[in-house]
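You will see two complexes here that share chain A, one where it goes with chain B and one where it goes with chain C.
Take a look at the complex of A and B:
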């Protein structure tokens, strides 16, 4: 067994990597921004991150179980539009209703994937298209009106800007969820669903629950997005398809499931919203930003993949060496979801 | 299961008899019949609908879906999903339009350049996916974003450059050979070529085997890494060709040129019965599914449906296709089997 330095061991942790990436961009931003960073600038950044943090956290929960969910962008689009149209006259009631819409979509996804046994990628791609289309039907051109009470609730001040409080609440909820029965089982499903099934865990129920929970988070994300941008826009959600998975990639969760942390994803989402600000103060035009973001995502996934691959190789070596004489042909490890 | 010679002979002859119900034959026929029915049902929405003009328009548009669905189909056979189609389409169309209209490059050279660029994109995609085991849809999604960014960079926000006249002549539907629109002829050629590549060539068969079991392919000594990468190269090439055709069809290289064609391509593969990551799927079914889907779009389009409802429709079609097109032949086959009351051979295992 080779010995590893402290730095290498720390860098193996995806959340730490994500924190480092975010730190680099934050330092760059604070140095480059004329007049330095103000509470106002930081608050607007955190506020804009909040919906992405919520949506990407939902995606992360699904990825832990080894499945994929592409429907986040669709749910965000629909609930965002609903908040600006049908739900805007209901006041407070609009918020739980929007969240409910998300939960229903999550249940629908869960039903198709768990009960009907259809491939999650294709199913959630279909729900993404359907919801995106519905959002366009409900509100063809950007506009509408968001209830001022809801805007105040998310954007207001409570000693510190509320965005900070909300982010801390999400992190806290994650730490609690991680240790619940469902949270632990969800990790296990991603690592070895068969072993978990044999030990008596209702794997299907866990997956179903995770899809529903993720849908709920997307619904909330759409409502928060409506409050933050203070308008309804059916196309605003489409950027979330790439952004949610980018946040997961930067956050260091393995796309094969079973490892990672929502904290990492939160840091990834914060990084994604700070990048445009850094590029803006650098005077870099929009197309470079797109190229840069794409490359950053690929780089983040690469780093994560290399880290998990070497980890898996280590585990496999430990597992197989005592039994197999010549472990040259590896049968497992070729399948990919 | 081991069979004695006579038993296996009996099995084979039973298989022969049931050729009409085998998915590679029954499904494309069913799909094309459904397309014809849909075209006639269009009468309900528009008085002028079952017409030759409409049929020609449908086959013309099917060409673009078919070209894109060919690449998408191969990628989905091995468990991937290509979301970079809009990016590659925009890139290849912009390369052709920009180099011919602004830099005065010969059209054939411009087309060659666009295809080389597309192949390189596929090579990079395939390398990242096969070497690092990264989910294909994430790599292709990010790559699509990069390509759109680069394309904006190439054009410097200039107005969309226009297509070379020869491409417009070829793919807008105005040009004809023996009274048949050129795109329709190309559609037939693409159909035949796709069949040869996917079902008859060594490459196609190795893709099917790799898709059904990468581990088995590796143990059989196949160059699995090379197969996987070449699937993405062929996929990106198909998108590049699609981009060039769409450039001719629409007349100029807009950034959003490929946006509207991604979902139809995915839907065609799924409606054709290809099961993601199973190595199970037939090109002829995908081809007929492109005709069916385009027919539905045209018929629905006659009602003046908005883009939003069209998206909803495509999503619903994908969900229906996923639920019914299973490896065991799906709902249709079960119905036929019930009618004939025959003893079916042992149930084929459905997708994992």
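Take a look at the complex of A and C:
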């Protein structure tokens, strides 16, 4: 019984679940890969994952607040083509400008959602469509030129591959953010916005800031993607529309808001990009891959739900048993900030 | 340069494994199979997007590599790209190289995004061939119809020729719909720009509406039906791949107006019935031809083999549409026997560069029993080398001594002097 309780507690943590899933795939990949895993292979995988990690992290921040953001794919498309066209001649300055474009889109989303009180799904879907069209206007066919310094900055080596360093920096920034006032309040908004408002927190300002921060991450994702593929392509961002949410789901964040971790999402994104590698060495391709990814998402959500319900039943049982002191267990349905 | 006479010439190819030293067409030393086996590993790639063209191209490539004399020399592995994004394809290419690929024949989703991964593959001794869609990386071989002058025509580009022929069918006057493929891809852009250039020659023609058919028959049908709702008096349609959707939408509306479309069986059967139209488009034979180019480089060595190869293709109208009797290749045939294959199949699996093609091979990826391939030689392929004037279209660069210039078909190309 003790062991079952421990397992349920562990599985209730979305980040741990995501880490376990990723570990399984990594072990399978390392065992099955001809000649084992080389630094090149690992670096290539992490580099291709980095834009998805960034974009999915932004989506996660918005989801924590109980809102949705579908604009990530559009921002990635626009900033990717901007990096290959108008910004390519500006050298290093192109990078912060691309990020700024993302932030401006985030502010635009935030304005329409928070100030104008429009539904986030409709607003961000519209933003995605508009930006997808704009990207095609800016760069009708794939091509352009990415500044070599920026390519080297993201894809080069600094004792260890820089992709590893960037992932660690993102994780560190997340750990810092979640303990800031804005980070804590963002969780609170997702759990009970009204209660937070009554306690004096400027809920709208929190949401506004989160949309802007998410946009910033999408902009950075587009710039990194441009450096990784070394070209601009207006259609390249479209895959992030669903992949970001798949990463969030595998990472264990609650789509209802107020629960989850960017670390989990990062692991979810890494899992999504390692799955094709594992299926490749297993000789599996085609539709099976998508079926597999879909089933994995369902399994991830299901395990989390079962573990949470098991914990809730236990708490309920303790509460209804007389003369037993109730343990202090969070029943918020997911991970605490 | 390898000395791989058995495979290269097709003579006495049945040697098989020579006592641990590998097949007699497999080199040793620096040119030995990268994975260390007794056969070269060749990957055949296509997109897994529910598109009959992609399936036929991949099957033809796989089937050819399984024919004698290649079958003793190579092991072909078919890999479909399910994650149809450049990032997914980069990841897949890297996996192929890591798995010991000696050659990769790929439908490249982006002309530029795969370049660094292709460069890395080339540096490890992997032969890379892109078919139909081209890439700008110089170490890659491009095998494509995109800049070819169609048989019997005088100008390059499918879009230019198809629009010109549509205009002639319409008597040079009238209003048309323009159904594009996937906007944002380089192939669609070349089709579109060159078709619009042709339209400039017919001032009495007008585009009523453009829409994105996504190279999908159902999408094209839906979009065409919607356009017909707004413009029921349309005089003609220019349709990219998925043109059977254009025909079906017109049939549902009870209209029969001239259509320029690609190569589907459904469309060509309508041409057999006398529907006014022109059928011209990308031949899936390119998958098999791309494979033969890769095997020529791998087994014969790269000397003399052009990096830019143009695949021939034909123009089919109601006047020259001809049934392939018993669904077998005969010179000049261009449609399967009506009712024997699916709507989206195409007799353009047959091509003068791929006489080995059969309907069965295009459907299963397996050759007919006893089928033999006719290997390419460098001198034969030189006869299909791309004209320098259109090099910029596929490489975004001009050959030495040429400078970038806009071609009469409104596409960026190269000129001398």
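In this text, the second predicted complex is superposed on the first by the 294 of 337 C-alpha atoms of A that agree within 3 Å, B and C clash if a C-alpha of one lies under 4 Å from a C-alpha of the other, contacts with A are read in each partner's own complex, and residues count from 1 in each chain.
Rule of thumb we're sticking to: a contact is a pair of C-beta atoms (placed from the backbone, for glycine too) under 8 Å apart; a residue touches a chain by one contact, two chains touch by 3 or more.
Quick caveat, the model's predicted, so the values are computed rather than measured.
Judged by the touch definition given at the top, the superposed model places A:245 against chain B, while chain C stays out of reach. Judged by the touch definition given at the top, the superposed model places A:276 against chain C, while chain B stays out of reach.
Shared-chain residue A:255: touches chain B; no touch with chain C.
When the shared chain is aligned, no partner comes close enough to touch A:148: not chain B, not chain C. Which of chain B and chain C touches more residues of chain A: that partner is B. In the superposed pair of complexes, A:118 makes contact with chain B only, with no contact to chain C. Legend: residue contacts after superposition of the two complexes on their common chain; A:290 is shown touching both chain B and chain C. Legend: residue contacts after superposition of the two complexes on their common chain; A:301 is shown touching chain B, with no touch to chain C. When the two structures are aligned on the shared chain, A:91 is found in touch with neither chain B nor chain C.
Touch criterion met: A:38 reaches chain C, while chain B stays clear of it.
135-136, 140, 234, 286-290 are the residues of chain A that lie in the contact sets of both chain B and chain C, per the superposition on chain A. Residues 79, 81, 128, 132-135, 137-139, 141-146, 148-150, 152-153, 213-215, 218-219, 224, 263, 266, 270, 275-277, 306-316, 318-319, 322-323, 351 of chain B are the ones touching chain A in the complex. For chain A in complex with chain B, the touching residues are 68, 70, 112, 116-119, 121-123, 125-137, 140, 234, 241-242, 245-246, 249, 255-256, 286-291, 293-295, 297-298, 301-302, 305-306, 309, 329, 331-332, 334-337. Those residues of chain C that touch chain A in the shared complex are 35, 48, 77-83, 85-88, 90-92, 94-96, 98-100, 110-113, 115-116, 136, 182-186, 189, 396. Against chain C, in their complex, chain A makes its touches with residues 33-35, 38, 41, 44-45, 48, 51, 135-136, 140-144, 225, 228-231, 233-236, 238-239, 273, 276-277, 280-281, 283, 285-290.
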